[in-house]
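We call the chains A, B, C and D, going by the order they appear; numbering starts again at 1 in every chain.
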Amino acid sequence: MPPRESTGQDSITVEHLSPELTRRLYRDMRTARDLDTEAIALQRQGVFPAYVSVRGQEAAQVGGATALDPTRDFVFPTYREMAAALAYGVEMVGYMATHRALWHGGLYDVMDARFGAINAVVGGPVPHAVGWAIGERLRGGEGVAMAYFGDGASSEGDVHEAMNFAGVFTAPVIFFCQNNQWALSVPNHRQVAGGSIAARAQGYGIEGVLVDGNDVGAVHTATAKAVQRAREGGGPTVIEALTYRVEPHSTSDDSARYRDEEEAARWRERDPLTLLRAALVEAGHADEVDLDRIDAESAERAERIRDGVAEAPEPHGSELFTHVFRETTEELTRQHRTWQEEVEL
Amino acid sequence: MPPRESTGQDSITVEHLSPELTRRLYRDMRTARDLDTEAIALQRQGVFPAYVSVRGQEAAQVGGATALDPTRDFVFPTYREMAAALAYGVEMVGYMATHRALWHGGLYDVMDARFGAINAVVGGPVPHAVGWAIGERLRGGEGVAMAYFGDGASSEGDVHEAMNFAGVFTAPVIFFCQNNQWALSVPNHRQVAGGSIAARAQGYGIEGVLVDGNDVGAVHTATAKAVQRAREGGGPTVIEALTYRVEPHSTSDDSARYRDEEEAARWRERDPLTLLRAALVEAGHADEVDLDRIDAESAERAERIRDGVAEAPEPHGSELFTHVFRETTEELTRQHRTWQEEVEL
Amino acid sequence: MTELIERAAAPDPRGETVELSMQQAINRALRVLLAEDPKVLVFGEDVGALGGVFRVTDGLQKEFGAQRVFDTPLAESAIMGMAVGLAMNGLRPVPELQFDGFAYPAIDQIVNQVARMNYRTRGAAPMPITLRLPSFGGIQAPEHHGESLEALFAHTPGLKVVAPSDPGEAYGLLLQSVRSDDPVVYMEPKARYWDRRPVRLSEPTDPIGTSRIVRPGRHATLVAWGAMVHQCVRVAELAAEDGVELEVLDLRWLKPIDAAGLVASVSRTKRAVVVHEAPLTAGLGAEVATLITDGCFRELAAPVQRVTGFDVPYPAGPLESQYLPTIDRVLLAVQRTLEY
Amino acid sequence: MTELIERAAAPDPRGETVELSMQQAINRALRVLLAEDPKVLVFGEDVGALGGVFRVTDGLQKEFGAQRVFDTPLAESAIMGMAVGLAMNGLRPVPELQFDGFAYPAIDQIVNQVARMNYRTRGAAPMPITLRLPSFGGIQAPEHHGESLEALFAHTPGLKVVAPSDPGEAYGLLLQSVRSDDPVVYMEPKARYWDRRPVRLSEPTDPIGTSRIVRPGRHATLVAWGAMVHQCVRVAELAAEDGVELEVLDLRWLKPIDAAGLVASVSRTKRAVVVHEAPLTAGLGAEVATLITDGCFRELAAPVQRVTGFDVPYPAGPLESQYLPTIDRVLLAVQRTLEY
């Protein structure tokens, strides 16, 4: 584990992982990084009203998401899981649509993707993952639920209730905390009593793991182990991936008001992509030529997604009314008509 | 600690405590027991619509409450803290009024008593204790807040949020969990993942203590230590007093539907009053004559309280309107008038 | 699903008429639902071995097994959050929250998650959740055990809300609620749990969102739901002795509200009194009064009267009867509207 | 309290008129309150060093110290629960919940504890808590950042509720709210935070629970609060071009509601339109309409029109303007009531 105040001297290794996997990890992280950069640009151009960057957290997200099986597991994200979505195989134009404010939950099909709707309630989706996991056991399935949440979210009552339920029901669920050391303007030591979310696991009689969130191999391995245990009926795991939010909370935020940007700069030095690139070469899993090719492909894919989301049509106003219920009501039909007569025209 | 499945062979000692204190503990527990018995009788006679018994939990409650200083500390109870209220010095006719359904929060003056209103929201008052304690530090006072709650309450989000706040603010607060092993019909192993509420404390970086809740001396000593630490700025403590709810959840409950009453019978054998009586004699802190005298005085006091509450006048209907606001509103005054014209007459 | 299907038992004999209390009728409906659909799950605090504090789930765990009928830890928000996850895994959750006042800790999950997941996912993740909520007052219970949350639920887009008034209604409306693919808050009037009536164990035929006339009349319409329907029927019986014929309309669906039914009745009677237990201000009575006024503006002979709980927290025992709409208060309101 | 008193700074120069945005006006009022009463505490998520996501608490921590203006962990229920405990220790808490939609996790503490502690303790433990809640929509924000919870708060006995519509109002109403010994939910219309107006830094003179006429008129009354007041003024300006004189009534206090003020205005104009952002059904518009109908039954020339958000969850960006009451919709409602 790196110290919370990293010096930037560290390196990682991926020798224990297959070349294919590590190249995939690199590709996903690279694409996510490029897409993140495109997204910030779109926000500056006024195409996105706001954007929450995942920069610096790509290893934590990709390492975790790639340990899951998208054909039988299910992910419950927050609003900051772009790299996880990408690595898990979510249709990314639909995902990014949330940032263009086209539809709050995004425009991808969540059931198809097995990746829940983008959720802005901090802590709110964590009990959903537990419910899904309990349902999976009742159905006799082997799927595992993964709940992403932040260090700030760990303060919410829902996260506690969810962990306790998971322990009592031995639910196949992974509580994946990306501890990026900031919850908007509040640092860990004013947020997380005791200092560690992984340490809380013990109080629920469940497994807790603290992992270097900038070491994608370590995250992947720890998650894969937790997934396997959950699949085999061994119950939940809390994974705390220690990383850092190098960007402001969102494009609307001004982090210089509350933190020493030197700290962010030190963490930028410990960039998970740079670490992985060096480790890939070191392990002989890829050479610079391979990596440059991946870089080029990733940039291209990120651009395609960017163009897709920038050009996506705005939802029609009728959609306000059509998704409220499965079986709509007369009153809503009447309001829909009012809207057509008084607003649409 | 006794095993959770007690055999009833245990004994306790009070040699480390002063004779005065132990006799006081005995008196308060005895009076609470007698008052509990009177209350059950009142419920059977139809004077109380329902009652929640504290039988078997007198040591946990009295041991804790007597470690506090009622001139500067503040207690935040649930609905089952009759013995604590009595030991703390609350005016007991006013306290018992809640069980006659005269007024939900009781009729004692909570600010005067420094003992919060009876609170029926499981987990709800726990953050109040933390807020009070944070306020006490801001004011430069030396008071300590004590939050009582049950094993079932430990599952609520509010309890987690409160513990985390207490840890972050180093608040002088004691989280006193009476683990009576049942939350209505649900036993510990279906309620408390990991099995121990005291063990949760570590996850918040705060002190956690598991104590035999039927050993009044042990409870008193553990609480006194926690109070001292809190007063000196050492922050919060979680105390889990392991005891047993020997009666049904309330007089409306039928516990035979969900538990083996043999278990309750075994715990009845380990009655905290019987244990204390034997220990008092053993330590030479009192003899049978002293104890019989205390018994007689306690019975008499319990009867006086019983008569007081049975005879207390019903609140006037006007009180519906007079306590809603400090500065009432015209609308409410109008409704008060409607009530006078249409209901009172 | 095989494991679950094996546990399913034979459904109720249909069409038969039996005398049941409301609490038994709900129990019967739950048995039908558990038996007919292996995806139905019943859970909450103390609903298992105990059978619920009102015995509404009595025997269900024994009959359908502890996988389909189970106790949860004591945490309302997680109970509703868990329901969301179960629904996303294809199940049909029927959670109970033990009492009205303890729905508040779950409001975030209900409003921000349950009510809008179908919308948020553009129909991909429907929420066929029926929240059973013992509701309203009248039983001299402790604090937070006598609350009326219907205005809050009715104001929440994405929820449907229903409050049955008698055992037969309770049976049919629960079948309808649980079979619906939309989230429904099913508010059980505690004060009527022990009310025994003949119940026809039949399929509900009225669509969701329709009210019903419990007693026809021509001088004024009394609008109510839950236990207040019974109160209004008593008022109508008393008024009838003086020759005043009051129509009693059981609104039952509190979202969607049967505006057409309200307007049809009041167009005939020209006068209306709405009665509810919740406090006056911003209560559902205001919505009912507004819908009636909108639809019957020219016919209305007097403003719609509201007889409701006062704007005070629900009180303890002896004061309860001073808070709830009394027969006298409703009669006075009827008189006011007739003499307007 | 010495420690706290030492940190108190000099209050604002009173009586002066300065141009301020609403967000600055609230900041000024908070400074006055922190300075005049050492018991006042400001806390919540990100209100300290950051100064709040809308900079409403900007500079307060620096000026009054981290003991009186502080960040809490991210847990809304505990923030309000903590406020209860602070109040019981004699302090005067002014918590912020970051956004309307995140008040839901705190609703249990607000409804079951804050609103009824004074009642539960028969006046022994008053709750002089002012909850500052950035509210309503109009800024194309993420989900849960555009909600209108006034109906829920107004329906809760024991709460007072206010929503200012401009900087001057915001200043005076906050002074009044925090100085009151009752709990007040102070709903800040986010869409108006940057609206700059001349503000007289004076003591409020109108009592709690009074509305105000923003623009007089005689053909119909538009009733609104928060950002919709501004919308109604624009409607009135447009209507004036056609010779229609609309009165705009800023309700501002949503509990207690100024029934007398509503009735006085509509008795003159004979017609009313109520405009709010919250969904239609069981919204506060129904209460307003009912109060007007009750008080002006014989004078009313048309049913009170409601122009509100639709019964759908608050939508994202481009759909926001399709959801919120538009000028056209209000104008059409005015026309309907004039032609009724």
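In the analysis below, a contact is a pair of C-beta atoms (placed from the backbone, for glycine too) under 8 Å apart; a residue touches a chain by one contact, two chains touch by 3 or more.
Everything numeric in this text was worked out from a predicted model, so none of it was measured.
Asker: Which pair wins on C-beta contacts, A-D or A-C?
Answerer: Pair with more contacting C-beta pairs, A-D versus A-C: A-C.
Asker: Between the options A-D, B-D or A-C, which interface matches B-C on more than half of its contact pairs by residue number?
Answerer: Going through A-D, B-D or A-C one by one, only A-D repeats the B-C interface.
Asker: Between chain A and chain D, what is the gap in Å from one C-alpha centre to the other?
Answerer: 36
Asker: Please report how many Å separate the Cα centroid of chain B from that of chain D, as a whole number.
Answerer: 40
Asker: Express in whole angstrom the distance between the two chain centres, defined as the mean CA positions of chain C and chain D.
Answerer: Centres of chain C and chain D (C-alpha means) sit 32 Å apart.
Asker: What are the residue numbers in chain D that touch two or more other chains?
Answerer: Only 73, 75, 77-78, 101, 105, 108, 112, 119-120, 143-144, 157-158, 257, 281, 310-313 qualify.
Asker: If a residue has to touch 2 or more other chains to count, which residues of chain B qualify?
Answerer: Each of 103-105, 121, 155-158, 161, 164-165, 168, 190-193, 319, 324, 331-332 in chain B touches at least two other chains.
Asker: Inside the complex, what are the residues of chain D that reach chain A?
Answerer: Its residues touching chain A are 45-46, 48-51, 53, 71, 73-75, 77-78, 101-102, 105, 140-145, 280-281, 310-313, 315-319, 322-323, 326, 328-329, 332.
Asker: In their complex, what parts of chain A are in touch with chain D?
Answerer: Residues of chain A touching chain D: 49-50, 79, 98, 100-105, 120-123, 152-153, 155-158, 183-186, 190-193, 252-253, 257-258, 314-315, 317, 319-321, 324, 331-332, 335, 338-339, 342-344.
Asker: For the complex, give me every residue of chain D touching chain B.
Answerer: So the residues of chain D in touch with chain B come to 1-4, 41, 67-68, 72-73, 75, 77-78, 80-91, 93, 108-109, 112-113, 117-126, 157-158, 160, 180-182, 208-209, 256-257, 259-260.
Asker: In their complex, what parts of chain B are in touch with chain A?
Answerer: 155-161, 163-168, 190-196, 199-206
Asker: Inside the complex, what are the residues of chain D that reach chain C?
Answerer: Interface residues on the chain D side: 77, 101, 104-105, 107-108, 111-112, 115-116, 119-120, 143-144, 151-152, 154-155, 157-158, 255, 257, 278-279, 281-287, 289-290, 293-294, 297, 302-304, 306, 310-313, 340.
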